[in-house]
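There are structures below to look over.
Okay, so chain A shows up in both of these, paired with chain B first and chain C after.
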Partner chain A sequence: MSMGKPLPHDSAPMHVTGAARYIDDIPVPADCLHLAFGLSHVARGVISSMDLTAVRTAPGVVRVITAADLPGVNDISSAAHDEPLLAPGEVHYHGQPIFLVVATSHRLAREAAAKAEVVIDPKPAILTIDDAVAVRSYFEGGPLTWKRGDVDPAMAKADTIIEGKIEIGGQEHFYLEGQISLASPQDNGDMVLATSTQHPTEIQHKVAEALGTPFHAVRVETRRMGGGFGGKESQGNALAIACAVAAHLTGKPCKMRYDRDDDMIITGKRHDFRIAYKAGVDAKGKLVAVEFDQYVRCGWSQDLSLPVADRAMLHADNAYFIPNIRITSHRMKTNTCSATAFRGFGGPQGMVGIERVMDHMAHRLGMDPLEFRQANFYKKSKPQETPYGQPVKGFILPDLVRQLADTANYKTRRDAIRTWNEKSPILKKGIALTPVKFGISFTLTHLNQAGALVNVYADGSVTINHGGTEMGQGLFQKVAQVAAGEFGIDMGRVRITATDTGKVPNTSATAASSGSDLNGMAVKNAVDQIKDRIARFLAVDGVKPKDVLFADGKVTAGNTVLSFEEAAKMAHENRISLSATGFYATPDISWDRTIGKGHPFYYFAHGAAITEVVIDTLTGENKILRVDILHDVGQSLNPAVDVGQIEGGFVQGAGWLTTEELVWDDKGVLRTHAPSTYKIPACSDRPDVFNVALWNGENHVPTIYRSKAVGEPPLMLGISALMALSDAVGACGEAYPNLSAPATPERVYMAAKKVGAKR
Partner chain B sequence: MYAFELERPTTLADAIKALGGEEAQPLSGGQTLIPTLKQRLAMPSTLVSLTGIDELKGIKNEGGTLTIGGATCHADVAKDGSYPALSDLAGHIGDPHVRNRGTIGGSLANNDPSACYPAAALASGATIVTNNREIAADNYFTGLFETALDEGEIITAVKFPIPEKAAYVKFEQPASRFALVGVFVTKGANGVRVAVTGASEGGVFRWTEAEEALSSNFAPSALEGLSVPADGMIGDLHGTPEYRAHLVGVITKRAVMKAG
Partner chain C sequence: MSEITLRINGKQRRVTVEGRTLLVDLIRDQMNLTGTHVGCDTSQCGACVVKLDGDTVKSCTVLTATLPEGTEITTIEGVSTGDLHPMQEAFSKCHGLQCGFCTPGLVVTAIDIVERSPDGLSASQVRKALKGNLCRCTGYQNIVASVLEGARAMGVQVTEEKETV
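Right after this comes the complex of A and B.
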């Protein structure tokens, strides 16, 4: 039985030997052309003249395409139709594509693009949240507010009130494989694309729109990505459309990849936030009222900003019952790259907001932050409702947190740290436990569906295909384990095939952590159909179809025992179809985003992390000393893959909140567009002591084998690193540290200096 | 990169001759120059490679003076060990690739404000030897990316008097690992010298106030209460002038402590 086994990633040997094929490894036809964009050099303005003569006459240039040359719709957006592929006259951010060069090599295309003479009359650019608030540059005309209870009178009656704000920086995805697409023209003007994307169906739709063809004329294939993290949900559209349009106009295959600097400059990142808060507790230390203003820097186009900002609001409670709450979300439109999906999709920012409140209030009350958090958890026994009206069922955090705190000796270590800090004037340690409760499902309800195609061949070998994409997270292996487990055959008999819009249509993005939940179920549904057909065929002599067993490579029907290949061969020879499509739609979800009420999530995934850090108060240098994590993946489909996701999620989350700093200058130019200026955690930056355990339990709702989604939730375990740094800074004096993110050495130093000065 | 001719002389005399040509430029380890050329920020017609000239290479320790050939790579200085603080510095420049290609002469001729070697040369009271003169380090560094070198003049060697005590400590910018602030301190025949790299808009500089304080008491505590003004410090995406000014004090103390 393959289910629940800690099998390595299906491509692991190929990843480490370099044999795994990414788009840039696919051999291209000799006449393949290569593309590069010419980019805007100002953040906002009107193109007054564009002389592309030198570009057109540069070596290797076959064609130069501007907005006016596009055959179909000039748009790359997911939904809002507000994001032209090529700026038609006005530019909205530094780095916006203006024209497209088609040349005989990648290098010649880039060199030619640099020869353009584009004059842009600059207009005042709205770069920061402050700039945008000052001129009320909002998406949807103004802020969106959701509330429960009556905040103001509850706050007025509160015993203790805190107020504050935290700045939370954005984050570059830094997928190792950059954005890339390859388009090959076919008969009848059809187009086939190989694309590094989390959303082949959206690529298909957008390419069809750009070419003015029905969807059936475009086929998109994705075998694997070298990392996605949300950065390939919508950000691959520009390259895919550019390739398809150029292939359409030239009749030749076209390929495009961004160099790393261009990739960082052009594509969207995690939204940076400012969260202002006010919170009140009663005399017993129970939250009675919380008010949030979440300011979201969305960039110049809508992209996925509305659902991202919604999810931030949906996680403003995290694990805590807040009877009276008002969350106001300000979606600011700015002249910066259009912020996009990033692992957690706004949830992490919303969660940082409430965890900051918990940390700040515990500090004010002089309580252990963990005890304050525990005292405000949702009740386990009697489900309480979230601010948006969903009962919190299957809530295991009280038990999970207690177990983690016990096994990692939280209390003893916290006391030891207090004592150590008293004797250490320069180095200070800190420790924090933060919980995660993350809602699983797309908030746009109709996206919660998936399809699959399973083929059993006459020799008993099997291929599976589904709408999910593989980006290194191990989805394909998990789904293959489902198929092998259901058929009762070895993993070696199951071949995982590239995601292909021609095999499974109308799919959703591999996003919202939903890949295994949705596609595992869809594949199971297809497998069940094939098994049912084989069972009905074999169920003779009084054997009922439901009693036919598929296990250990055999199919057993009463006294008849066949190997799986014999069963397949026999079924085929008796004209039984061995191919089936499967389908799954998540049950029990509904959502009205305008009023902020409903049941948007099928269930919640949980986890908690304890992080211990040390800081140098003279410089702000800091280090994570130890991390202990207990995470809830329900009944794990693959513990090895799940633990990998949890480790990676924590490191990426901690990187976001500590070392990864995006800097734009006062002209709106991104100054951190390479690893020489932007610090992502490397392997050597992971904690020396890194204990990760899986919670022993199963999902309370019937997901695939009662497992839980694992893609995004562990990222938010990294919040414990920020709170541990806050704890360490707090050891410098009496004042609350007010640490913003990323907590770079300079921010930690400045905060420690401020706290120390108030001693 | 624009097209250029490459000369590979094997003697200093041939190199000087080749550098007399129009728009000729010396190429040592190329760890700064080649990326600059790739960015098309320079357009020399001829590059004269200095790495094939044996007389520019090698390390000699004679009478308490360490003489390092201009085309000696950082890795060789790191291995040498006769001036431990200098070898320690060389062993932590960039990465293995940079250390095995980049040279001391190239680094000093370029005088990048974040480079490590200028701090060592200035704090050691080194002498920069060129093809036609000797320049004291105090007179050599004239500003950001600027030195006393004339057009066509090349560094043939650097002479370091080996001090009694010395240490280099740098605070690394975490992404590039260049020095956000780097401090080299020495105590020897020339007294106490403190040189700071990475921090100032004017490039490497001597912190004379600290030198005076350390002259009477070579201990971190002697620096208590001393600070450099934030005015004139570099402010960029990696740190404010105030933070850099503060770090100069902390890193100098660490360097003194390390020097022992």
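Right after this comes the complex of A and C.
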């Protein structure tokens, strides 16, 4: 059986030899053309003149395309139709594409693009959340509020009340493989694309729209991405459409790759948030009322901002029962790049808000933050409802947190740190445990479906195909293990093929951590059909189809024992179809986003992390010393892959909240557009001690082998790093640290000084 | 345009390059050795690391025309002939990769680190030595484990460290 085994990633042997092909490695014909965008150099304004003569006459340039030259719809947005591929007259952010250069090489295209003479009359740009609030620059006309209970009277009766706010920075995806697309024109006006995308179907639809063809004239293929993290859910649209349009106009294959700086300037990032809060507890230390105002900087276009902001609201409770709560979400439209999906999809920001409240309130009450958190957990015994009305079932966090705190000696270490800090005037240590409860399912209900195609060939070899895309998360490996396990054959017989809109249509993005839940089930459904057909065919002489066994590379029907290969061959010769499409739709979900009520999640994934840090109060420099994680993946489909997701997720989450700082200047220019100035965690930042364990248990709902989604939830374990830094800063004095994120050395230094660190 | 003779993965190659041709472009576009990746274009991520006369370099910052005649270049494709190199085995077996984009650069760097440490290697040395190679997926835990495993397989002693906390 292949299920539950820690098998290596299916592409591992190709990755270590460099043989695994990414889009940029696909051999292209010699006449392949290369593209580059010309970008806006102001954040907001009207294009008053555009002289592209020097661009057109630059070496290697084949064609220059402006908005007026586009053959079809000028739009790259996922839904709102508010995002032109090329700015038609007005520009809305610094770095917005205005024109497209088609040249004989990547370098010549970029060089030519720089030669344009574009005059833009600047208009006052709305850059920050404050700017946007001042002029009420809102998406959907104004804020959205969801509530439960009656906050104001409950707050009035509360024993202790805190108020505050936290700024939470955005995050660049920094997928190591930048955005890239390749389009090859076919006969009959068809277009085939190879794209680094989490959403081949959306690319197909948008390209068709841009070319004015039906969807069936466009086929999109994605074998693997060099990282996605949400940054390739919608942000690849521009390149794919540009390639398709250029290929359509020139009749040649066209490729586009952003160089890293362009990638960071043009594409959207994680939404930055400001969360203002007020919270009250009763005399027993139970939360009675919480009020949040979540200000979300969405950037210039809608992109996925509404569901992102919704998910932040949906995670404003995290693991805690809050009887009276009001969450107001302000989706601000600004002249910055359009913020987009990023692992967690708003959930992390919402969760930081409530974890900040827990930290702040515990400080005010003089309680151990962990005890305060535990006292406010949802009840395990009788399910309580979330603010949006979903009962919290299968809630294992109280046990999971207790187990983690015990095995990692939280209490002893916390006491030891206190003692250590008393004797250490300059260096201060901090420790924090934070839990994660993350809702699994797309909140847009119809996205929770998946299709698959499974073929068994007459020699017993198998190909599987499904709508999910591989970005390193091990989805293909997991799903192949499902197929091999179900057929009872070894992994070597199963070939995983590229995601292809021509094989499985109308798919959802590989997002919301849903990849293996949805596609694993769809593949199983297809496998079941084929097995059923073979079983019916072999079930003779009183053997019932359901008693035909597929195991150990054999098919057993009563006294007949065939190798899987023989069974396939015989079935084929007897005209039994060995190909099937599978389908799956997540049950039991419903959601009304306007009122914020329903059952949007099939289940919750859980985890908790303890992080210990040390800070230097004279410089703000800090280091993560030790991390202990216990995480719930249900019954793991592949423990090695899952642990990898957890480790990577934690480090990415901790990076977001500590070192990764995006800086825009007062002209709206992104100043941190390369890894030289934008610091993602490096190997040397990795904690010295990093213990990761999987919670022993299975999903309480019938997912594929009772496993749980693992893509996004571990990112939020990184919140413990921010809270540990806050704890260390708190050791400098009496006041609450009020540490915002990212907690860069500068921020830590300033906070420590405010709290009362001696110099 | 100038001509230069290089030894790439053990084979003598006479190539024509422009004064500005980056080594990574020569390797990828002219030699079709696409295992060397471009991650950042600016010498910071390590996805393009190759060996150049025994030293590891980020090939996105090397101008090919400036190389001495006969320079010896080893890319990820030249790390092993036939069977996998023990370091490649280790990365595969110890899950030292997810999306794999950083992997070739890491493997080349890791072999170099081990070859330079005949007297033994510790986890913290590996962490420091790998700081020029970014990985966005793994959180580095399994990468460090892979390098140490590879070192053992290459016959280098791995020195255990006490937990520092």
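Just so we're on the same page, the second predicted complex is superposed on the first by the 756 of 759 C-alpha atoms of A that agree within 3 Å, B and C clash if a C-alpha of one lies under 4 Å from a C-alpha of the other, contacts with A are read in each partner's own complex, and residues count from 1 in each chain.
Criterion: contacts are C-beta pairs under 8 Å (C-beta built on N, C-alpha and C of every residue); 3 or more make two chains touch, one makes a residue touch a chain.
Keep in mind that what you see is a predicted model, and the values were worked out from it rather than measured.
Once the complexes are laid over each other on chain A, chain B and chain C both fit without any clash. With both complexes placed on chain A, chain A has more residues touched by C than by the other of chain B and chain C. Using the contact criterion defined above for the overlaid structures, shared-chain residue A:Asp150 touches neither chain B nor chain C, since it reaches no partner.
In the superposition on chain A, A:Asp31 makes contact with neither chain B nor chain C. Once chain A of one complex is fitted onto chain A of the other, the partner contacts of A:Pro675 extend to both chain B and chain C. Once the two complexes are laid over each other on the shared chain, residue contacts for A:His15 go to chain C alone; chain B is not touched. Using the contact criterion defined above for the overlaid structures, shared-chain residue A:Thr619 touches chain B, although it does not reach chain C. Within the superposed three-chain model, A:Tyr749 lies in touch with chain B and out of touch with chain C [touch as defined at top]. In the superposed model, A:Asp406 lies in contact with neither chain B nor chain C. Taken over all C-alpha pairs, chain B and chain C come no nearer than 7 Å in the superposed arrangement. In the three-chain superposition model, chain A touches both chain B and chain C at residues 675-676.
On the chain A side of its complex with chain B, the touching residues are 618-619, 621, 659, 661, 663, 665, 671-672, 675-679, 745-746, 749-750. Within the complex, the chain C residues that touch chain A are 28, 32-42, 44-45, 47, 75-77, 79-80, 84, 88-89, 91-93, 95, 97-104, 107, 124, 126-128, 130-131, 133-144, 163-165.
Across the complex, chain B meets chain A through its residues 171, 174-176, 237-240, 243, 246-247, 250.
Within the complex formed with chain C, the chain A residues making contact are 6, 8-9, 11-22, 24-25, 27, 173-178, 224-229, 259-261, 471-474, 612, 625-626, 640-641, 643-645, 647-652, 674-676, 680-684, 686, 688-690, 692.
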